[in-house]
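Read from first to last, the chains carry the letters A, B, C and D; within each, the first residue is number 1.
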Amino acid sequence: MPAGYVAQIVEKNVFGCATELVLDLPRGFEAHPGQFLHVRCGGDGRILRRPFSLTVSQRGELALLVRPAGEGSRWLCARRVGEELDFLGPLGRGFSILDAGEHVLVAGGAGIAPLRFLALDMRKRKLRPSLCWGMENEEDYGTLPEILAGECDLSLATRDGSAGFEGTALDLLFSQARTESAAIYACGPRDMLSGMARWLGEAGRERAQVSVEERMACGVGACRGCAVPVTDAGATYAAACREGPVFFARELDWERM
Amino acid sequence: MPAGYVAQIVEKNVFGCATELVLDLPRGFEAHPGQFLHVRCGGDGRILRRPFSLTVSQRGELALLVRPAGEGSRWLCARRVGEELDFLGPLGRGFSILDAGEHVLVAGGAGIAPLRFLALDMRKRKLRPSLCWGMENEEDYGTLPEILAGECDLSLATRDGSAGFEGTALDLLFSQARTESAAIYACGPRDMLSGMARWLGEAGRERAQVSVEERMACGVGACRGCAVPVTDAGATYAAACREGPVFFARELDWERM
Amino acid sequence: MEAGLRTELAGIRMQNPVMVCSGTWGNGREYAEWIDPGALGGIITKSVTLRPCPGNPPPRIWETPSGMLNSIGLENRGLAAFLEEDLPWIAGFGVPVFVNVAGFSEEEYAEVAAEVCASGLAAAVELNISCPNVKKGGLHFSSSHEDAARMVSRVRERADLPVFVKLSPRLNDLKGMCAAVARAGADGLSLVNTIPAMSIDVERAVPRLGNVTGGLSGPAMHPVAVLAVWEAYQSVGIPIVGMGGIWGWEDAVEMIMAGATAVAVGTVNFVDPGAPLAVVEGIRGFMTRKGVARVGELVGLAHRGGFRDEGKGRAPGSG
Amino acid sequence: MEAGLRTELAGIRMQNPVMVCSGTWGNGREYAEWIDPGALGGIITKSVTLRPCPGNPPPRIWETPSGMLNSIGLENRGLAAFLEEDLPWIAGFGVPVFVNVAGFSEEEYAEVAAEVCASGLAAAVELNISCPNVKKGGLHFSSSHEDAARMVSRVRERADLPVFVKLSPRLNDLKGMCAAVARAGADGLSLVNTIPAMSIDVERAVPRLGNVTGGLSGPAMHPVAVLAVWEAYQSVGIPIVGMGGIWGWEDAVEMIMAGATAVAVGTVNFVDPGAPLAVVEGIRGFMTRKGVARVGELVGLAHRGGFRDEGKGRAPGSG
């Protein structure tokens, strides 16, 4: 059951453009990869909460990995060890680990956060995921790839070719040989996800899960603000915060996205 | 000529309920006692500026003395040495030192700020002002009275009698013997000022100056938000920020205050 | 001193005057995980329409200074699902349920209101004739006093529960509108809905919301909502539920002093699910500090000169 | 690349599209100490009435979340003093002066407008028929399309300068109102005035403002102002001056994309007297970055599908 919590930041690491905040969560706090926390940002509580995926630190502790995008995320990145965060969570539906011969994780930018957590979960189950991760350029990564390389089969992409493959995480994915039955787990910008969905075709969308980023107000399914179009007769919407943020690619109506 | 400035806080002292921030003002910055700075409070500039009287520190440097009353003043009190303040000023009309045998300064609460500055100015002119200062209780004063006692002829009042006279600064003033021709300079809450104006009578209001506190928007006379009723035929208003904040008691229409 | 928070709204007894706004609390399930719905003064459910309604295309929300825009557009699963699954569940907490009703024609409103009344599970109907987010319907029904009045009397004929009419603050003549719906039979007013507004992404030069326009809620618009309650209180005698930008107990008390018998909190739930109960506690504390025995004494107090003896903790004036 | 900030508004040439709002910039003297008035696109002066007007009793301002309320109430020294002392001085900076005119009857408006035109020093008249802070006059004149239209044609008859009509955002039917005043001869629209609002001091249970109600300005109400400009642009062809909560260049560009030919900044002056010129610089930088040659290309761009090729810094679409 989710709850409203306050947790202390016990460790802070900066990896390139992203800041990792390791949280001292209460005993019994359990979360699945792909779930998120809805975090109060800014001192006065006058701005809406901001959703951030749960990730894990090198020692496997639950953490956030925040890339500054605006006021809220910048505020978060400026927090110091010892300060407390107020959040609701864990919220939403996480990834389901499929029964497949190959597990491919595809991360764009800060999309690495839930996938690192997922990779850890997979390793606990003795699976060997491979991970394609794309960023703008080498500096954006910082030292995180070195750490991740010890955790899974990692390949990198940068738009400018300064590190790894030249192109996006998606280009990297396209360039690699995969078995037809590989299960795919993706998190990143909207363009990346829809590009992937198109590329996958109908069969592939059955085995692909995507974590979508939608602006959120409540984060718990009450306001219907985070609607994503789903493939049903009524052309209706699902709430990304509650029915997602992880969806099977086939569940979403990519035409209406 | 007033200007928009940024100045560093070079010293910070806490005196009871008030915080003194000594500013490193640019050379050539000249101000008169009773003038104020219009200070940007809060990080994002989304709240209106707040007016604070200029005061002086023990070494005679220009400073602010801030009593936390709400969001803006609390933010100011939380600033640290080395941080910068953004302000407009010096603004407004200050006190005029009258040609009188006796100079009595009456301060309620943070109203001490401009009067301490005025007292310094008077001493430079070899005058010996006396100062009545009222606060709620002893703790509110901190160690400031000890310092002030070296600067002028000081007497204190507290509502609960925990220090000095039991009552308000005004009660203290009433209790003292004064020559008819004493010049009075007052700054404090609205109630104190109007109580004093009533007590003084018409003749006394000629020799009394008061610094009024009005909510301000622009601080420069442009918005007419800080209106105070004046004694003229048209029952009009003066702008406290530009035509004040210091007025002769006779200029103000105390009936309409 | 024990503060009396109990109040009565068009004959409906409430344990306290704090409800939750339509559309900001789902149909209760989501927030029931965080707070006890049974501790609320009442619950206003999300707008329900006769048939299921998919709502507007995303993006549906955008944050603005001290506020937010939404263009949800009446997304709901329709009356049948609501009566079967949602209403019985939410009515189970034993606090009055105000069912917010919307539609795309007068008949639809009347039909939905009648069925809601027939269910025996609701305490009142709240007519949303002020939704800025649907093209046909919504604000359309309050473009003139006559249209609004006709709608109210149509619904009134078929509803045997108190009918609250929810108005927009964007009215030239809010007082006239309040009087018109009161004459047409409204038992109470809900003031206010969001203010029509919009935002543009300058990098792309396109509206931020999929629906182009949306409604502004939150602290930014609170002073506009307070005035609406103030004006309504001056023009009609029926009770008012005040809403719009209530963030803490002070805002709620402000609404009550402006003339609201009860209040509802909306957007703040998103930031703090515990807010409605914090508002209840805050009102209680204020009343104790001021020596106010019954919350009803505060209703409209600012129209009567305020506390006679300010700051001294004495009882209100002619309350 | 040099960005072309020059624009034309009802035939009035402006070096850039950024003006200052009526009532937020005094009559220029106060802020001339901080910025060069000659660098502005234009100056809108404080409402002037036929006779001197003392304004409303204090308190006149109150800060609200991301906004402020004011109830200044048209305080000014009257037409004679304005024509003699203020207008010549402000006209001396060589930028167009829009003289904002208010009154307590149609005749007064017409009289003041005529004399302002006769002075030969003004570029345009801005008719304030939407002041929330005076009981008789102000909003009174825009309570119906007919009243507003009659006022505009009365003034139009006696004014030989472009007449801009300043409207309130609190209108059921803003589009209809815009069309009505355009038909009556308005040369342009100023959108928007403050939104009627109020605030109550709960400790005393009395209104915060001496005048009880006031007008909400600042970022809080910006999304409401953007929608007003958007709706007006859809309903009439006359140029629009967009105002309301503009805090930085993005807000100004947003207004322009919604349909404003020029903008005016108000409340932000109180926080940062340099804001109008910062907005000018910001627009210039944006245009350079986006490769927009003339600011006119941005006017109403969001109605035409936005930048065709977002993010790539290409020229706007059908602009």
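As a working rule, a contact is a pair of C-beta atoms (placed from the backbone, for glycine too) under 8 Å apart; a residue touches a chain by one contact, two chains touch by 3 or more.
Nothing here was measured: the structure is a model prediction, and the numbers come from that model.
A.B. asks: Check every other chain and keep only those touching both chain B and chain D; list them.
C.D. replies: Touching chain B as well as chain D, we find no chain at all.
A.B. asks: Counting only C-alpha atoms to place each centre, which chain is farthest from chain C?
C.D. replies: Of all chains, B has its centre farthest from that of chain C.
A.B. asks: Between chain C and chain D, what is the gap in Å from one C-alpha centre to the other?
C.D. replies: 33
A.B. asks: Could you work out how far the Cα centre of chain A sits from that of chain D, in whole Å?
C.D. replies: Measuring from centre to centre gives 46 Å for this pair.
A.B. asks: What whole-number Å value describes the gap between the mean CA coordinates of chain A and chain B?
C.D. replies: Taking the mean C-alpha position of each chain, the two centres sit 56 Å apart.
A.B. asks: Can you list the chain D residues in contact with two or more other chains?
C.D. replies: Residues 65-66, 219, 247.
A.B. asks: At which residue positions does chain A touch at least two other chains?
C.D. replies: 46
A.B. asks: Could you draw the chains as nodes, link the ones that touch, and say if you get a line, ring, star, complete or other?
C.D. replies: line
A.B. asks: Which chain pairs here would you call touching?
C.D. replies: A-C, B-D, C-D
A.B. asks: For the complex, which residues does chain A have touching chain C?
C.D. replies: Residue positions touching the partner: 1-4, 40, 45-49, 88, 214-229, 234-237, 242, 256.
A.B. asks: Sort out for me which residues of chain D touch chain C in the complex.
C.D. replies: Contacts found on chain D: 64-67, 69, 142-144, 169-173, 195-200, 202-207, 212-213, 216, 218-224, 226-227, 230, 245, 247, 250, 253-254, 257-258, 286, 298, 301-302, 305-307, 310-311, 316.
A.B. asks: Residue numbers of chain D touching chain B in their complex, please.
C.D. replies: Residues 23-26, 30-31, 33-34, 52, 54-55, 57-63, 66, 68, 70, 72, 75, 219, 247, 267, 269-274.
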